[in-house]
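Listed below are the structures to be examined.
After this come two complexes, each holding chain A, first together with chain B and then together with chain C.
And now, the complex of A and B:
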C-alpha cells in the first residue's frame, strides 16, 4: 500500500494548526514576563526553618490581570513578614503555580502544591470557577484554602477547610440595590448581563431580588457574551424602556465598550457595576462615557486610613502602579493566613484551620474582617464613583 | 494468510489484552496507595487524553475526515453522565455498596457515550456529505454550539458550572476504557469494515466506484469516535468533580488534534505516545518555570510542536504501529 497519500493533512488543517500553535506560544509570553521575575522559586527542599505556603494563580490566560494583581499583593505581604523577622522564628516561603485561567489546571496545580510541595495552606483562586475546581482537593487532603476574591457563594460550601476573605455576590448585589434605592433614588433599573460569566449572572440575580424587595422594578433584563463587541441592539431595547439606571455587572473590557455605546445612543442614565470593573483598563477603554457611573468594590485606594495608605505606598513603590482591589484582597488573604499561623497552637493543618475559622475583627486593608459560620468574610463594601477618569470614594455600606 | 494462523493471532492478541486488563485492576490499589496524588492525577489525565486522541484518530487519521469538534462530544458525554450521577444518585451514593456504585458509574458513562454518539449521528449525517475544509468548519461550529447551549442550560449550572460531581473515577476505570477504546478501534481498522474506512481516506471516488457507501462509512467513524469522546468526558467529569463550559472550548479540540497530528495521522500507537507526551510535558516544564522564574512553559511547549511539524510533518509514528517494529510482515493491512 502506498504511504505517500496517507500523510496529506490538507493545507487548511495545517494552517489552522500552525496558527493555533503560534497563538499558544504568544499567549505563553503574554504581557506578564516582567511580573514573573518576582515569583519566589523554591530555593531549597523543606527545611525546618521555613513555612511553605502554596498559591494557585491565573498568571496567564483570560484573567491574567486579576491573577497578577493578587499575586503581587500576596508577595508584598510575605516579603513584609520575612523582612520583619518571619513568623515564629521561621521564614515564609511562597510557591506559586500558574493555572492559565483554566479550572482543570487549577485542580492539577493544587494537587501538586499539596502532594508534591507539601504546603500547609493554599491561597487562591481569583475566579470562583477555579476555586470550585480546587476546593475538593484541598478538602480531601484537609489543607486549609483561602480564596482572596472568589465571590460565588458555592465556593465555601465545598467543605470546612475552604475560606474566603471577600464578601459574597448576594451581599454585593444587595449593596448596589441599596445604593441605587437610597443614594441615587432610582426605581426603574435595566440589566445588561454577561451570560458567559457565573459572576455576572449571579450578581444580576441577587441585585434583582434585592431591588424588588426594596420596591424597585427591573424594566428589562438583556444579555451578551464576553466575546461580543457590539451591544447596540440590546442597548436600543433598553433605551426604549427609559430606565433610571443600568446595571452592567460584567468585567472591565466589555463594560468599557458598553459605556461608550450607551452614550453614543444618547442614554444618559448612570451605569452601575461590581468589583469586575476594578481595573485601570476600564477608563482606558470607556473614557469619558464612564463619567458618573458607580461600582461596588472591596476598598478604595484613596482612603486615608494609615493602614491603607501604608499599603498603597509600599505597593506603588515596588510595582510602579496603584494597587487595585484584587491586590488588596491578595494582601489581606496572606495577612489573615499569617495571623492564623501565629494564633494556631501547632503548625498542623487541623489547628491552622481552626485558627483561621476563629478570625474575628482582623484589621485588614479592605476593612475589618470577621469570618462567619459559613467561612465567608463579613465586612463592609465601598461604592466608588468615576469622576474625571478616577475612582472616587462615594460611600461605605455595612453588612 | 491462512485462516488457521489468523485465528491463532487473534487468540494470542486477546490473551494479551486480557493480561493488560487484569494488570490494570491488580495494580489499581498500588497506584492509589503508593503514588503521589499529583503524579497519579497526571497519569489519569494522560489516560483520558489517550482515549480522546485515539478516538479522534479514527475520524481524522483513518477515515481522513478533518473533524474539529471533538471537545463538543466530550462535553456532551461529560455533562450527560455527570448530570445522571449528581442529580439522581448524589444523596444516596454513600449508602450504596461498591458494586452498586460501580454499576451506576458504568451506566452513566455508557449513557454519556451514547448521548455523544447520538449527537455525533445527528451532526454527522448532514455534514459528512461535505469534504475537507467545509467539514472542518461545520464541526468547529458544532463544538461552539454545544458550548453555548450548555452555557445557557440552567439545569447543569450554565456559566456557573456543575460542581459536586461524585469522584467515582479512578485509575482502573480510566485505563480499562483506554484498553477498550484502543482494542475496539484497533480491531475495526484491521477488519474488512476497516478497509472501507481506509478506502475512503485514500480515494473517495475510487471507494465509491468499488461500491463503498462513503457517507455511511464516514458517519460510522464519526459516531464511534463521538461515543469514546463522550466516555472520556464522563471520566473527566468524575475525576475533576467539576465541569465548566469554558473547559470544552475550541482550544480543547485543537489540543486533541495536535495529539493526533503529532503522533501521526493513522497510527494508534502514535496517538497514545503523543497524548502521554503532551500531557506530561506541560507538567515537566513546571520546575523549569520555578527555576528560571520566567514563564517559558507555554513558549517551549509550542516551540516543540512547531519544530516537530517542520522536521517531521508525518508525526512521530507516521502511519506505523508499534507492532510493525516487532513483526517483519510485509503487506500487513494498515
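And now, the complex of A and C:
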C-alpha cells in the first residue's frame, strides 16, 4: 500500500518477475556446496581393523525403491562376509549416503564419502545420470567406483577407475528389439522416452538402431520430461499411428502413469521397457494396465539355479520381500568388490583398481561376470512379462 | 478429427485443474496484491491430506461416490486450515511492511512446505488409492473419454460457479470486493478486513485442496514437490486472465491447458513447461493487466 506512486501494471509486472526469479532461484538450488578441494588419494581407509566402503544410493526421491533394494543387496553381502570372519582379518564397514534421486546430490555424497569418510571404494549409483555425476569425483581422487546397475555406456567412459557389473544399453536395446521382432513378431513400434534421463534416451536410441537393422520401423518417437504426469497428448498422437508395441524406456513412477493412460485411450499394444521398470511400485501405480507388458532385466528371481535360489531365500528371510534385479546387482557389486580386495596386492586404491579390472568369470548371482577392457560386464539379459501383477520369466537373450 | 476432439477433452480437464489452483492466486492477489507462492504447495498438502484420509478411513476398500465426497471434504478442510495458518502466522505480521518483504516470505513458506513435506511424507512418490472406480470408459469409436476427466471438469466448474456466486451475490462477497478495492476505506466502513482476508486464504486453499485430490485420482502419483510446477503454471494462468479477476483466472487456465495440450500433441512435447513461461513474458510485455484485467486508475 505504500508503494502506490507507481502505476499499477508497471509495478505489477516488476513484482511478478521478481517473484518468479526468487522462486526459481531458491527452489532450484539444493545443497551442493562441497568443493572438491581437500581430496587426495589417501589409503587410510584400510588402516585399523576395518575396511571402509562408501555407498551412494537413492534411498528417497523418485527412484527410492532402486536405492533401497540395492542397499539391501549390499548390506546382505557385507554381513555375510563379516559373519564369516571378514576379509584379510578385517571387518567391512559400509558408509551409506542418500542422494534423494538427484544427480547433484549424488556428486556431493561421493565427495563427502571420499574426502570425509576416506573410503577405499564407492558403490553406486543405480541411475546413469547420477553415476555420470559421481564418476568424475571418483576418477579425480583415484577411488575405484563400481556401479551396480547403471547401463548407459557413458558411465564407465568417464575414466579408468569407474566400473560396472551390469550389461550396457546398446545390448539392452538390442535385447528388446530382438525380443520384439522374434518373439512378439511386431514390426511397427512407437517410442515414448524421458528426455531428462541419460538412461532413457540412450536405451531408446540403441533400440531404434537395432530394430531398424532387424527390419522393423519406428512409427513415432515422442518424449516427455520426468516431472510430467499427463502423457495423453503424446499417447493420442501415438494412437493415430497404430503401433504394434510401444517402447517406454523410463523409470517405474512415470511408466506406471503412462501405462494407465495408454489403456484409458484404448491402446491395446503391449508396452516394452528396460530394467528401469524393476520395482514393486510399478505395478502399484500402473495396476491392471501393465498386464502383458515386457521388460528386460538383469535376472529373474524365479530362476532355479542354486546360486539364485540361495540368494532369494536369504534375502526373503531377512527382508520379507523377494529380491528384485536391483537387489541382486547390489549384492553382486559388493561381492565383486570383496573378491577384488582379496586379490589386491595391497590395500591401496591403485592396486584395488587393478584387481577389479582383472575380474574374470566371477560366479555372481546374476550370472558369470567378466569385466572387459571398457570396464563393463558382459552377460546375458532376461525378458520378464507382467502377469497378474507378477514379473514372470520369459526368455534369456545372450550377448 | 477424433484426435482433435480427444486433445480438446484432455486440454479442458488439465485446464480446469489449473483453474482451481489459479483461483486461489487471483483471490489473494485481488485483496492483498500479494502473490502467494506457497499456494502450489497448499495444493500438494491437499493431495496428501486426501491420501492419509483414504488410508485412515479405509476408503479405498469401498470405492463409491460417498468415499470420493468424504476424501474431498477432508482434503478441503485440511488445506483450508493450512491456508488460514499461513495467513495468520506468516503474512498478517507483515501486513504493514513493504510488499517485497511479504513476497519473499511467500517464497520462504513455499520452500518450508516443500521440504517439510519431504521430511514428513517422505520424498518418494506415493500411489494415490482409487476411491472411485468406473467400469471401463465412455468410448465413441476411437474417442475414449475417461469419466474421471469429465468429473474433474464438472467438479471444477461447480466449485467455480459457487465461488462466483459467493463473490457477487452474498454480503460476504461484497465485503471481499470492498476489501480488495481499498483495505483502509473498507475497514473504516466497518468491514472486519482481517477476517475477510483470512477467509479469502481459506477459500483459495480449499479449492487448491480439491484440485489436489482430483489430480491424485486421475494421475495417481503424488509427491511433496508435485505442487511446484502446477503452482507456477496456475500463477501464469491467473496473470494471463488478468490477476485479481476471478473469471479471468478460469479463462486463462483453460487457455493454458488447451495450448499445452496442442503444443505437446502436435509439436514439441518437451516445450510443455517453456510454453507457460513464454506466455507469461508475452502477456507482461504486451498486456500486463491480462486478458480480462481492468486498468484501474491509481489514487495517490
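The definition used in the following text is that the second predicted complex is superposed on the first by the 352 of 399 C-alpha atoms of A that agree within 3 Å, B and C clash if a C-alpha of one lies under 4 Å from a C-alpha of the other, contacts with A are read in each partner's own complex, and residues count from 1 in each chain.
Simple rule for what comes next: a residue touches a chain if its C-beta (ideal position, glycine included) is under 8 Å from a C-beta of that chain, and two chains touch if they have at least 3 such contacts.
Keep in mind that this is a model prediction, so the values were computed, not measured.
Residue contacts after overlaying the shared chain place A:100 against chain B and chain C alike. After overlaying the two complexes on the shared chain, residue contacts for A:358 are found with neither chain B nor chain C. By the touch criterion stated above, A:201 is placed in contact with chain B alone, chain C being left untouched.
Looking at the shared chain after the overlay, A:182 reaches neither chain B nor chain C. Within the superposed three-chain model, A:118 lies out of touch with both chain B and chain C [touch as defined at top]. Of the two partner chains placed around the shared chain by superposition, chain C is the only one that A:222 touches, whereas chain B remains out of contact.
Of the two partner chains placed around the shared chain by superposition, chain C is the only one that A:236 touches, whereas chain B remains out of contact. Of the two partner chains, chain B is the only one touched by A:158; chain C is not. Judged by the touch definition given at the top, the superposed model places A:108 against chain B, while chain C stays out of reach. On chain A, the patch touched by chain B and the patch touched by chain C overlap at residues 1, 3, 5-7, 9-10, 12-13, 16-18, 20, 22, 27, 60, 100, 195, 225.
Residues 3, 6-7, 10, 14, 33, 35, 37, 98-100, 103-104, 106-107, 110-111, 114, 118, 122-125, 127, 137, 139, 142, 144, 146, 183-184, 215, 219-221, 223, 226, 228-229, 232, 239, 243, 260-262, 264-266, 269-270, 272-273, 277, 280, 284, 288-289, 295-296, 298-300 of chain C touch chain A in their complex.
Residue ranges of chain B in contact with chain A, taken from their complex: 36-38, 41-42, 45, 66, 68, 132-133, 136, 148, 151-152, 158-161, 163-164, 167, 201-203, 236, 240-242, 244, 246-247, 251, 254, 257-258, 261, 265-266, 283, 286, 289-291, 293-299, 301-303, 305-306, 309, 313-315, 318-319, 333-334. Every residue of chain A that touches chain C in the complex is listed here, in rising order: 1-10, 12-13, 15-20, 22-23, 26-27, 60-62, 64-65, 100-101, 195, 222-225, 227-230, 232-234, 236-237, 239-240, 253, 256-257, 260, 264-266, 281, 284-285. Against chain B, in their complex, chain A makes its touches with residues 1, 3, 5-7, 9-10, 12-14, 16-18, 20-22, 24-25, 27-29, 32-33, 36-39, 41-42, 59-60, 95, 97-98, 100, 102-104, 107-108, 111-112, 114-116, 128-129, 132-133, 136, 141, 152, 154, 158, 195-198, 200-202, 225.
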